[in-house]
Amino acid sequence: MFLGISSVKAAESNVMLSEQMFTLNNLWILIATVLVFIMHLGFATLEAGLTRAKNCVNILFKNVMTVAIGLLTFALVGFNIMYPGNEWTIVKWFGFAGFGLNCPEGAAGLINYNGGNYSYYADFIFQGMFAATAATIISGAVAERMKLTSYLIFCTLFVGIVYPIVGSWGWGGGWLSDLGFKDFAGSAFVHSVGGWGALAGVMLLGPRSGKYVLNQSKAIMGHNMPLAAIGVFMLWMGWFGFNGGSVFSADPEALSLVFVTTTMSAVAGIATANITSWIISKKPDLSMVLNGCLAGLVGITACADAVTVNESLIIGAVSGVIVVLAVLGFDKVRLDDPVGALSVHLVCGTWSVLATGIFCEGISFATQLIGVVVIGIVSFASAYAIFGVLKVTLGIRVHKEEELRGLDIGEHGLESYSGFQIFDCQ
Amino acid sequence: MFLGISSVKAAESNVMLSEQMFTLNNLWILIATVLVFIMHLGFATLEAGLTRAKNCVNILFKNVMTVAIGLLTFALVGFNIMYPGNEWTIVKWFGFAGFGLNCPEGAAGLINYNGGNYSYYADFIFQGMFAATAATIISGAVAERMKLTSYLIFCTLFVGIVYPIVGSWGWGGGWLSDLGFKDFAGSAFVHSVGGWGALAGVMLLGPRSGKYVLNQSKAIMGHNMPLAAIGVFMLWMGWFGFNGGSVFSADPEALSLVFVTTTMSAVAGIATANITSWIISKKPDLSMVLNGCLAGLVGITACADAVTVNESLIIGAVSGVIVVLAVLGFDKVRLDDPVGALSVHLVCGTWSVLATGIFCEGISFATQLIGVVVIGIVSFASAYAIFGVLKVTLGIRVHKEEELRGLDIGEHGLESYSGFQIFDCQ
Amino acid sequence: MFLGISSVKAAESNVMLSEQMFTLNNLWILIATVLVFIMHLGFATLEAGLTRAKNCVNILFKNVMTVAIGLLTFALVGFNIMYPGNEWTIVKWFGFAGFGLNCPEGAAGLINYNGGNYSYYADFIFQGMFAATAATIISGAVAERMKLTSYLIFCTLFVGIVYPIVGSWGWGGGWLSDLGFKDFAGSAFVHSVGGWGALAGVMLLGPRSGKYVLNQSKAIMGHNMPLAAIGVFMLWMGWFGFNGGSVFSADPEALSLVFVTTTMSAVAGIATANITSWIISKKPDLSMVLNGCLAGLVGITACADAVTVNESLIIGAVSGVIVVLAVLGFDKVRLDDPVGALSVHLVCGTWSVLATGIFCEGISFATQLIGVVVIGIVSFASAYAIFGVLKVTLGIRVHKEEELRGLDIGEHGLESYSGFQIFDCQ
Amino acid sequence: MKLIIAYIKVERLNAVKQELYKNEIYKMSVTNALGCGQQRGYHETYRGTDVEVNLLKKLRLEIAVNSEFVEQTIAAIIRGAKTAEIGDGKIFIMPLEGCIRIRTEERGEEAIG
Amino acid sequence: MKLIIAYIKVERLNAVKQELYKNEIYKMSVTNALGCGQQRGYHETYRGTDVEVNLLKKLRLEIAVNSEFVEQTIAAIIRGAKTAEIGDGKIFIMPLEGCIRIRTEERGEEAIG
Amino acid sequence: MKLIIAYIKVERLNAVKQELYKNEIYKMSVTNALGCGQQRGYHETYRGTDVEVNLLKKLRLEIAVNSEFVEQTIAAIIRGAKTAEIGDGKIFIMPLEGCIRIRTEERGEEAIG
């Protein structure tokens, strides 16, 4: 009898306990949201720093608008496409749970939501911050020559529809998750999706004028290296929330490991990118080291929770090498990507997903490969279609004269560094 | 009997439970403090970016000193004016609980302090970070022409005395809180107080030389747009702590909602500020979009915990429109505010308080209006008085020659960008 | 009997309770890690801002590499030298627990690790972030003239070996901790160690060319004050994790106090550095105020958990005065330290350790002094030896011509601000 | 044809431009220069060390005019730039042998305006 | 000897340099300038206020040549810089009395190339 | 009166100024320029691509002097600027027809110093 009573007490106490754990986990998701948020500043400053001063307002503008577009479309449709629950229209391939946010009343939107780790709103805001990053990746690759309005339209469609559809296959419980495909924090669903979109854009836009002259590739220097460095540090900082938040709880074992693997992959990427580029170009190249850091971060993103520290070092080290080769390779095939978005997000994102198949127990390499291929085809094709339609309608590229003078004057009528004497004859 | 014993156990367990919840809530307040802290960097870089290179050292200097002045005066007197407890001198209008910090001993300063959510010191440091922001708002509005020493004196008096007196009416349990006035995180007590101070300063200082020439308003361009963008992102990041910390616990329901409403209002502000300014000036204007973001953030601050997501979108959207109109309006009436502080903090802060009366259940619009009016009169009058006395004694404006050459050389004998060729003939 | 049963329940409940507390404390350590991480951005931007544009890529490069070197060496050997457990080779002076990370299996690496506050991996990553800061301090002092490869080699040896050996004496349970030496968060083990290393470097390198001409010290202006200000704010932000994380739990009493003392010391440092430098040079000097802020932060680091708020104000105020005098003093004796690293980290770090002996109950001033002296001798001597060997082998200083043209072109073949007209004839 | 080079104070540019416009001189080129003249420099302080800055920021105008416009151009510059304080600047007049408008390849006096 | 000063559009520099190289003129100095010419400026908008920018970014080339090279230099500049649109720029020719190579202290026509 | 234009290496400015001061030449104007001369450029690497930079940073001095000062000015510049290495720079001497001090409206040789 008292046993019974004791049990009741214990049960009550359990409820209280889990309420606290819920509060704690929920708090971590929200803090991780802040960290992912600051990645947008990271993208904005990195992209601005690695391009020319005359296009800097344009890049900042795009990055600010991208956050707004990302969150507004995600609230309107994206969240409910990505997480359709049981509302699959095309089974496990496309679902839509209705417009707008519909937080379940009471405990259903709180402690009973998704198994007691975080609330509906925390889920939405964390996922919403992710959504915009996919578009931001593209913004860097098409920088310095793309028409603003076309970018904004592209961004709206890509983030609002393509991104969540693809995401639903894995994170929303769709066919890829049924297959056992693993993408921990978004190497495939965020980075490679953005990367494929970027590839479509780069192909349809063509290189910046002056980039390839008489069979030769010319370097078009970024205008502000401290800004680029700020960008990388901000992105790295945000990655603690990107990967750490994807643990979806503050579980000490998983979270601590994720922090370590994420960091070690980044530093390994720095080290090998440095060595690789030093060997190739005989100079220690800051821009390559910065890309190496991001390469390591992307490289570990699909499996940060499921590898050992040594494996994370290997993954990061490989990322650092391939990002340098990829930058040189894309340049060879005349895909002009001013900030290295293709190399970092597409190439290393893909490597990350495959590495998951190699290093993680219980994950099939074949499944990972299927995921890579299908995600690639769908993302690239959709992006190509949207860019293509825009190209023949509104146009996607600014006039040559505007490009030469800079998009800041051309599109915005505003200079980035008013008063500074800037000499740029590219 | 065993029931009794079980109860004792349960009670003990309860104590332990609440100790943990206390630790958790307290931790969140401290993390929110870090986020609010970084808003000072946000203000510093935003203000620096939107003004000219020749005044940049001066702005950075003011912003660093403002943090120091804010926290030192808050520790000395402000905290005990703002939260007088029962020590009201003029009932519910002015109280003072003595100089310095007096943390109650033992549990009274910890778990028993203010209902078990956070400790005395956490309370102080979180509130102290808020205090300085009110002054920082003013620093932007009076930029590029105000004498440094006069600013420092003004700042000391305004943050040390005016800010906490007004704040005590609502947050310290004064007459406004008795009336049921709602200002969740400080649209009135922080933003509008700072905004009224800024208005007094702008009026008494007059416009920057060269701003209004022959019946025409001239644009005086900010010198560094990436810096301004960094500022806005840092402020936004800080706002998660500003609004989120004002929940005063890590309560998952309230905190998650606040994160969502804060973000959605900001993105709605970006969107509508973009549309409004694009229509008016035919160009997508980065500086307006940045102000629109801040407008949305200020707009939601009074009621972020008590509106629905849709309401937050409306509030943010309205903020984005009115901030653009306000910038143009202030310019028309020749109130020269280099960074848009009046439009963002005063206008949108006021809108936020009134919106609370419109959208929040149980909040009387009339009370909100009374709050707006009385806070406005007292803040403006005090600021006007302090600025006025300074004007006739020390002077508040630098000499015209110093203004032309820049305050960096004039006041500090130091350039911001040594070596850079800067051409500025305004 | 039921008592027994109840006890069992209570015990179980206790376990669950402490699991939650463990999760919470562990989370705080990880968040503190993120904050300490961002200090690297702070160092990078502060050092870049206070030096010339022509050496900016070099400084950014060094700071990025330093993070990588710090974490890689710490993982390989540093962590196991610093925390040898019982594996002392030379009793209480040197120990080594083996190569690489060896997280104990199961609960031993989690809740049972180090008394239930944080996991093995959280411990490693937090400590690893600290490690790199010691080297970063040096990077600033030797800026604008040191050969890159020699710096990288020095950094590897100093952070990988010297730093953890010295650290093991106190934090690893070595002889200094046995003596009762107190260094809460690293004024001695991080800041002074880095500072002594910097002193050795500055002595062996000699001043930058053009710094001392005809018995006169010339000012060599920093090129970007907003960048320097960003650096200081980032460092300050990080310090909440540096000191706050060193509480090693989220204990509300200790953590709240640490936040307050850390902040108040910083603002006191700002105030007194401002007054001191204003008196001496008749102008409000931004660079001194920024150093004053850091001085206050370093000054409180050894005892932030064990002083009253008033004591923290005193400590910070003293730091602000001595940092200004130290900057002037080092300049007098022709130790050319471009960013003030010696004054901030060495002088104020030492002051902090001694202040701990003065203000903290139960701490012997004599012990603190012994610590200061022995740590100083060993750090300085090791750094001098490493730099010395490098000097006679690879060389540590770039050629004069390279120095004049700037290390960015000389070492990296890359400019920081491509396109900007920069006029620098120093 | 003459080439007129004028060094003026940075903040006088707008006034000078207005005076030139009044005289229907619309074409000119401006560069920024650092000048050492009679004007003493000013002192900066950086990290406690005093620096004398004796290269002051000036603007350099270059105006090519036909010979008959020289005097009125000079007068306009003086009206716009003069504050009667040290540092007001200086005007130099140089012979100009040829002038070509790139767009039309016109030469000589035609091309100048 | 003559000193040729040319104001050109910023984006034409590479083309001008190539044309000069073809004519074996390798030596020149470039500064950036702001120019008022026939070309109308453009409008910027900042915080809702419209600004007319009428000082446009130009490059200023300075090329010292021996007299017999003047015409071909001018021709090369025109080939590189001409787009036949307003704003193409202008070339000025001035007499040059002396030229010294600092390194060797050579003087005159020897020193120029 | 002559106008002396000198292109020198950036890092020689202080030395040149000192030599000029010793000769009591205190007035000058300095601008930064990019120069193509005999000196080869250097290579930069950016994101793996090699760039040849052949416009090197130089300083351009402009010194107006009375004719009798020309030789000593040239000598002073050479003393300050010469390192006997490629890239030392060049001096040009041009005729100067007029000089006006804006502050006092003095003209000619009076105004120059």
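Order of writing sets the chain letters: A, B, C, D, E and F. Residues in each chain are counted from 1.
The rule is short, and it goes like this: contacts are C-beta pairs under 8 Å (C-beta built on N, C-alpha and C of every residue); 3 or more make two chains touch, one makes a residue touch a chain.
These numbers were taken from a predicted model, which means no experiment stands behind them.
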Original post:
So which chains count as neighbours of both chain B and chain C?
Top reply: A, D
**OP:** Provide the labels of all chains in contact with chain A and in contact with chain D.
**Re:** B, C, E, F
Subject >> Proportion of interface numbers common to chain D and chain E (over half same, under half different) >> reply: different
**OP:** Please compute the C-alpha centroid of chain A, do the same for chain B, then give the distance between them in whole Å.
**Re:** 32
Original post:
Using CA atom averages as chain centres, what separation in Å is found between chain C and chain D?
Top reply: 52
Subject >> Rounded Å distance, chain E centre to chain F centre (Cα mean) >> reply: 18
**OP:** Hunt down the residues of chain A that sit against at least two other chains at once, touch-wise.
**Re:** 2, 6, 9, 13, 17, 20, 24, 31, 221-222, 224, 230, 283, 285, 287, 412-415, 417, 420-424
Original post:
Among the residues of chain D, which are close enough to touch at least two other chains?
Top reply: 31-32, 34, 44-46, 94-95
Original post:
Can you name every chain pair that touches?
Top reply: A-B, A-C, A-E, A-F, B-C, B-D, B-E, C-D, C-F, D-E, D-F, E-F
Original post:
Tell me, which parts of chain E touch chain F in their complex?
Top reply: 3, 17, 26-31, 62, 64, 94-103, 105, 111
Subject >> Contact footprint of chain C on chain F as seen in their complex >> reply: 10-11, 13-14, 32, 42-46, 59
Original post:
In their complex, what parts of chain B are in touch with chain E?
Top reply: 217-222, 277, 280-283, 285, 287-288, 291, 324, 327-328, 331, 340, 423
Original post:
Residues of chain B touching chain C in their complex?
Top reply: 2, 5-6, 9, 12-13, 16-17, 20, 22-24, 26-27, 30-31, 33-34, 37-38, 40-41, 44-45, 48-49, 56-57, 60-61, 63-65, 67-68, 71-72, 75, 100-101, 103, 110-111, 118-122, 124-125, 128, 148, 224, 227, 230, 411-421
Subject >> Sites on chain F touched by chain E in the complex >> reply: 2, 5-8, 31-38, 55, 58, 60, 74, 77-78, 81-95
